[in-house]
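Look at the two complexes coming up: chain A is in both, with chain B in one and chain C in the other.
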Partner chain A sequence: MDSNIIAQMAVSGALMGLVYALIAYGFQLTFATSKSINFGQGELVMLSAFFSLTLLDLGVPYWLMVPGGLLFGVAMGLVVERACVRLSLEQKSEGWILLTIIFGLLGFSAAENIWGRDDRPFPTPISSEALHIFGINITPVEISVAIGVCAIMGIVELFKRKTLLGKAFEAVSADRDAAELMGISATRTIMLSYGLSGMVAAMAGILISPITTVGPTMASALILKAFSVAVVAGLDSGFGVVIIGIFIGGLESLTSYYLGSGWREAPGLLMLILALAIRPNGVFGKASIRKV
Partner chain B sequence: MKKSLICTLLLGFFTNPVFSAETIKIALTGPFSGGSAPMGTSMRDGAKLAIAEINAAGGIAVSGKKKKIEIIERDDEGKNERGALIGQELASMDDLSGVIGTVNTGVALAGDKHLQEKGITKIITPAAGSASMTQWSKAGVKDLSIFRFAADDSIQSAMVVEEAVNQKFTKVAIINDSTNYGVSGHDDLVNQIKKQGNKLEVVATEKFNIGDKDMTSQLLSAKSKGAQAILIWGIGPELAAVSNGMAKLEMKMPLIGGWTLSMSNYIDNSGKNGNGTLMPQTFIEEAITPKAKSFIEGYHKTYNVTRIPSPVSAAQGYDAVYIFAAAIKQAQSDDTHKIKEALEDLHDPVKGVIETWKHPFSKWDPANEQTHEAFRRDNAVMGKVLDGHVVFANESERQRLIKNASK
Partner chain C sequence: MLKRLLLLRGTEIIVLALLASIPLFISNSYALGLLTLLAIYGILLIGLDVTVGYLGQVNLAQAAFLGLGAYAAGISVTLLGFGIFESLAISMLVGLVLGGLLAFPALRLEGPQFALATLSFSALCTTVLNEWEGLTGGAQGLSLTRPGLFGYAFNAQGFYWLCLILFALVWMALRNLLSSQWGRAFEALRDSPIATDAMGVGTYRHKVAGFALGSALGGLAGGLYALNFQYLQPQGFTYDLMVILLLGVVLGGRKSLWGAFFGASLIVLLPNLLSNRLLFEIISALGLLLAVIAGIRGRLRKTTQTFQALAPVVAMSLLVVGGFLVENTENWRKAIFALMLFSVVVGLPDGIMGFAARYLTRLFHLEPPSLPPASALGDVLPKKPVNNSVLLELKELKRYFGGVKAVDGISMTVRTGHVHGLIGPNGSGKSTAVNVISGLYAPTSGEILLQGKALPKGSLFKVARAGVSRTFQNLQLFGELSALDNVMLAIKGAYRIPLPLVLLGLAKAEEKRAQADALALLELVRLKQHARTRAKDLTYGSQRFLEIARALARKPELLILDEPAAGLAHPDVNELVDIIKAIKQYGIAIILIEHHMHVVSELCDVVTVIDGGKVIAEGSPAEVKRDPKVIKAYLGVATEPDGPDTHPLPV
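The block that comes next holds the complex of A and B.
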């Protein structure tokens, strides 16, 4: 009985952890190319979820809605880049921090005004009847989250490694100035990274909505955790976020069970503090060595 | 330019009092947007329905002259700081007859002190948290202008515990959210268990935060410790997450909790997993009496819906307006202080949709906040979620209400 409970808890926690990891991955993509991150990433998740829900309400079938939602995410990512990030990067200022936060607030208000402030169910063709696997109850919706997270991250990583555009992406991440000298447009690459980041956010929105419901505040709890995961893993750790995400998610569940549910948030935040104090580059991050 | 400005100012000065004397101003406040919006808008729309009926009949006779009711609407968004601002604004209006509304206990705590300072009469509905009235008894206020028209949490928690005891459960888990509302609900439940003879053993006490969606660990803890029922205090969306989590873990025990389990965002987001959930209600959307029938039909028609988002809030808003109107009529004045005195001693019964209210309030006694509470245990029934609607959980209670109405 007891080992079953632990397994159940670890699996449920790990699933939430995968979602943290996917949002954290969105932070990573833009950080790699531009050393900037979108603090309004949570709002992108929410806006894309609302947009996808609207598509479904308009009668668009689920499987067509997914690419539609992803495209919307890409567009939003590009808007963030153009409106909040590009100018401040050109001026070598840190203005993007404030601007992306403001963009997030704007998105939040817009969502409240367009879609209202109620939490709404997100219909999905995937069943939420529990399946029994080795004594653990897990729903197909949850499995779809796990598969979806791994798939989208895998596709983006493949794209980065196998295509010419992806190699440009990697080049700008490694050394922006050298890449520019080789004729790679850093501006274009940063745009690409924001577009990809927006797409990842949209994917996260579509995947978790059936579980979390859709509402303006749907991502506000997730985003803090995702940020912890990104920092603990390291902002350039690649798949490291998955390991840390699963770890923090599982730890949260177990802490909540053994210490009481009031302690649920503690492990993630503790790890964030520890990581910042001991390994500021993250567990899987590379120490930044700058050749002069 | 300057001249015209002075002229406008002077004009405003003279026309204002004349204009205000034509109508009775009542403010409706509540969250018309945000997570509590189903309750806020239902309350407002129920109240407006009553006001429209009163105005259609010519208004209320005040010292021989019929006056119509003018509505002042303020959206507090369920935020305490907005509640405080609105409280200040309303308190500064000289010709305001009274205020009806407030859904969130925190908002009542933040805003009502401004109204009480100026002695402006307010009927709180449908906020149920005990603190919005006990704050005045604790402060030992001698003269109170705040009334409540809702089944407060002590009544509700008593009913929840009663239900668990009646179903012969001995082990329960208490799960609540970490807001003021959830924590005080938890305390009320624990007190009630003690009061009703400690027949229930609380095997697990768990919490969740607003925005939490994964309740697995809380539920597993309840399950593994052998809880036979889950007593819960929280707000719609998170309650739905609990209900969906229970379905996933195949926990078949009943979920019993505060009236928020009847919120549309609980019912919609839990879907079929919400079936069987039990909660105290003051009004069930079923046309069991002619009055209820006309009210429900009127609401559906006026607002073009097939289901009232929060029937309890709508009915309470509706009845609160009629009680307020009765007080104006009895006081023969739209002066808020005189209305307060009339409310404390209403002579004539007021026919409402929940029931016929006989002397709902009495003179404020700081030692007993029940003097300004309209609802007693008998005014509430157990409701049950069934396929997207809240229905009577017990046929006997339904019959009781029908019998009361025909008396």
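The block that comes next holds the complex of A and C.
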């Protein structure tokens, strides 16, 4: 077997994996504060991508479109928190699982009817002329994905560590009740985490769309992989998602090369089930002690 | 009592007879197709309700089990030439086995992780059905011809009756099962898995059994689906169908067979409702009206929050307005499902049947079935001989959490018939010690002997089975179950009838006996008149007493009470003392963790004081109260020589 092809597949898969990692990072943000995640996150990525595409179609320049798309993501994240999550958290129930699934369904249907069912190309000013590095073809678009993912994750982490609001975020993640006693509003912090999660999802949509095109079905394809990455790495593991994202992305790409593209999702899904069976807290997660 | 039976059973029989006789009067093949589908989806949704309603887990795999069952039947017929019942049995078996297998990894999981495991399983199934072309025909689909029975070929009508009979059988079997100890166990592990284990009712096997059962019904429905349509495609069993199934269960009403039936009718009729514009407008307007009424009522009675009242109204208004604006409602199918489902989940969490059941119960003045007279307490808790022999022995018990030595070498002995106090300042390791004894934590080192035999380590379930029962400092009741059911669940040795007989409805006698025993225990803790009250609706004091009754139902050798008086009002504390004295009469040894010193003085034969994970004193209550080490641990030592350093503890 041509080792060059294998390397090529692994590298482009790994770059895609970074986007899965970014979406998984969005799960971590909300899981940290509220122990809940948005099951409609894939649709959020897709809706943000469509919205950004519409901005481009309206003649907004690319570099202005990016903040616009991110703002849209934040807004959608806040909608999810208000409509689907807050009530269940107040009632200490798991109704949010069903409600965020419903949000996804609504988003999917809206996208299908507003933007149509077909996949559409997403223009970008970044060149997709391949560069040859050590015999492997990498396009600048792919490199921009890597840079974009690292940049936004870095910014969010800096925000969490260096600002007062970010410290509140960390406090609620560590111990919600204690944080409330210190005068930090857990509800607002959870809103913040959903806003950030929405922003991260929008970024993922803007980054990946030039490579995959934009269409309603991109949601389900992305979310399953992001779930795999998040669960295998651990929902509270920080940067573990990056490593697992790269790994699953590469594995997926190789699987589709050897077994056919229909099987590409299988290894991620199997790993998710196995991880839940063997290490429910993920490879990088810490086991927690049951308290009564 | 008779009225209740007549009404409930009567309705079931009338509806069944109506459904069965429709084809005799109407020879419309389209209507017959809908009815067949109704029976199939009915079975499917009853299965889904076991996991979603009773186990309380968001199960996203039921559509996949429908598909697996369908393909299992399809392949049995086409490749293996099986007959109709053999292939249905295979479908069911596939659901049962794969459901059981999936339940294993999903076992320890709660909430989102369980949903993710089932979601991944579904996606994997779709992949396999699509890609394993040699067996399934892949995206091309799989055609089959429905086999006959004893040379008699089923026509559409005959097949409908077959589906209806199976539906009725499933209905009866599940009604029997869910009203037995099994149904209680399913609900208990939803409300508190820890307490379910601590009551010796393994969460493990019940969760697997519940999920496998629900999946088996999914498989059976799949088999019927295959034989009905005689053509299968993997796209028929994807995520979209799953959401519709959830809509059916939630809208119909969780934990209700009628809810499943209602949900199935809705799913079957939905495509027709959507394709007719006028009908759609009427339905959405009715939905809006319902949301407004329910919202206003909830707000006036202050039972719902503003959001809960307002959100369904907004969603339903969107539906009505959207109905006028969009060209083709069928294109917006998913959005319509989403809005309806959203309104129900937020505004009507019990579903339509939950709502209707409450209303109808009042309308017909239906009373809950009467209870048998309580057993004699002496029969429930046979007196144990009290001979001062050693019951429980701890030898150098240690439990570390990382570097924290919560329990650091405790040795103590509890004798039969004793109330053994375990006291110490906050954080001294009392709760950790009893958590290790009762099996919540495995000890880091050391030995625990009960009647000279080593107690199982690190398993609440096994320790409970060995004869140690406990209450919890932070209450772990089964909130949705009645007080009576809470106690009935825990009764030791009351349920001996094997599963197949339970399904046939032959567990009624043992159920009555368990009720009588549970009532005796409720009487002991003065809760008999609240037997039918849901545990979460009881007052805080009553909830603490209910935990004691539930722990006693295990008929334990040793009862561990973890701060039973915490947060109780003064009269309740006195009542608690009386109850514990009464329990002592039956020769049950008790470990009592308590901060109220007068309770300890009044009840305890021996008191062990621990501090910093170590035993610092042991003796009668009066002795330990005078012990300088104990006083130091509680009050500290005054540095000034004339300070109040030798005050006795407040009594």
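Note that the second predicted complex is superposed on the first by the 276 of 292 C-alpha atoms of A that agree within 3 Å, B and C clash if a C-alpha of one lies under 4 Å from a C-alpha of the other, contacts with A are read in each partner's own complex, and residues count from 1 in each chain.
Note that a contact is a pair of C-beta atoms (placed from the backbone, for glycine too) under 8 Å apart; a residue touches a chain by one contact, two chains touch by 3 or more.
None of these values were measured; they are calculated from a predicted model.
Contact with chain B, but none with chain C, is seen for A:Q8 once the two complexes are overlaid on the shared chain.
In the superposition on chain A, contact is made by A:L270 with chain C only, not with chain B. Of the two partner chains, neither chain B nor chain C is touched by A:A202.
Residue contacts after overlaying the shared chain place A:T139 against chain B, while chain C stays out of touching range. When the two complexes are overlaid on their common chain A, residue A:L98 makes contact with chain C while staying clear of chain B. Once the two complexes are overlaid on the shared chain, A:G262 sits against chain B and chain C alike.
In the superposition on chain A, A:L254 makes contact with chain B only, not with chain C. Legend: residue contacts after superposition of the two complexes on their common chain; A:A110 is shown touching chain C, with no touch to chain B. When the shared chain is aligned, chain B and chain C each come close enough to touch A:S220.
Shared contact residues on chain A (touching chain B in one structure, chain C in the other): 112, 220, 260, 262, 265.
The touching residues of chain C, when paired with chain A in their complex, are 56, 58, 102, 104-106, 108-109, 111-113, 115-117, 119-121, 123-124, 127, 130-131, 194, 239, 243, 246, 250, 305, 307-308, 311, 326, 331-339, 341-342, 345-346, 349, 401, 435, 440-441, 472-474, 476. Only residues 36-37, 39, 83, 86-87, 90, 94-95, 97-99, 101-103, 105-106, 108-110, 112-113, 220, 224, 227-228, 231, 260, 262-263, 265-266, 269-270, 272-274, 276-277, 280, 289-290, 292 of chain A touch chain C when the two sit together in their complex. Every residue of chain B that touches chain A in the complex is listed here, in rising order: 33-35, 37-38, 178, 205-209, 211-214, 216-218, 220-221, 224, 236-237, 240-241, 244, 247-250, 265, 268-269, 271. Within the complex formed with chain B, the residues of chain A that make contact are 1-2, 5, 8-9, 12-13, 15-16, 112, 116-121, 128, 130, 137-139, 208, 211-213, 215, 217-218, 220-221, 252-254, 256-257, 260-262, 264-265.
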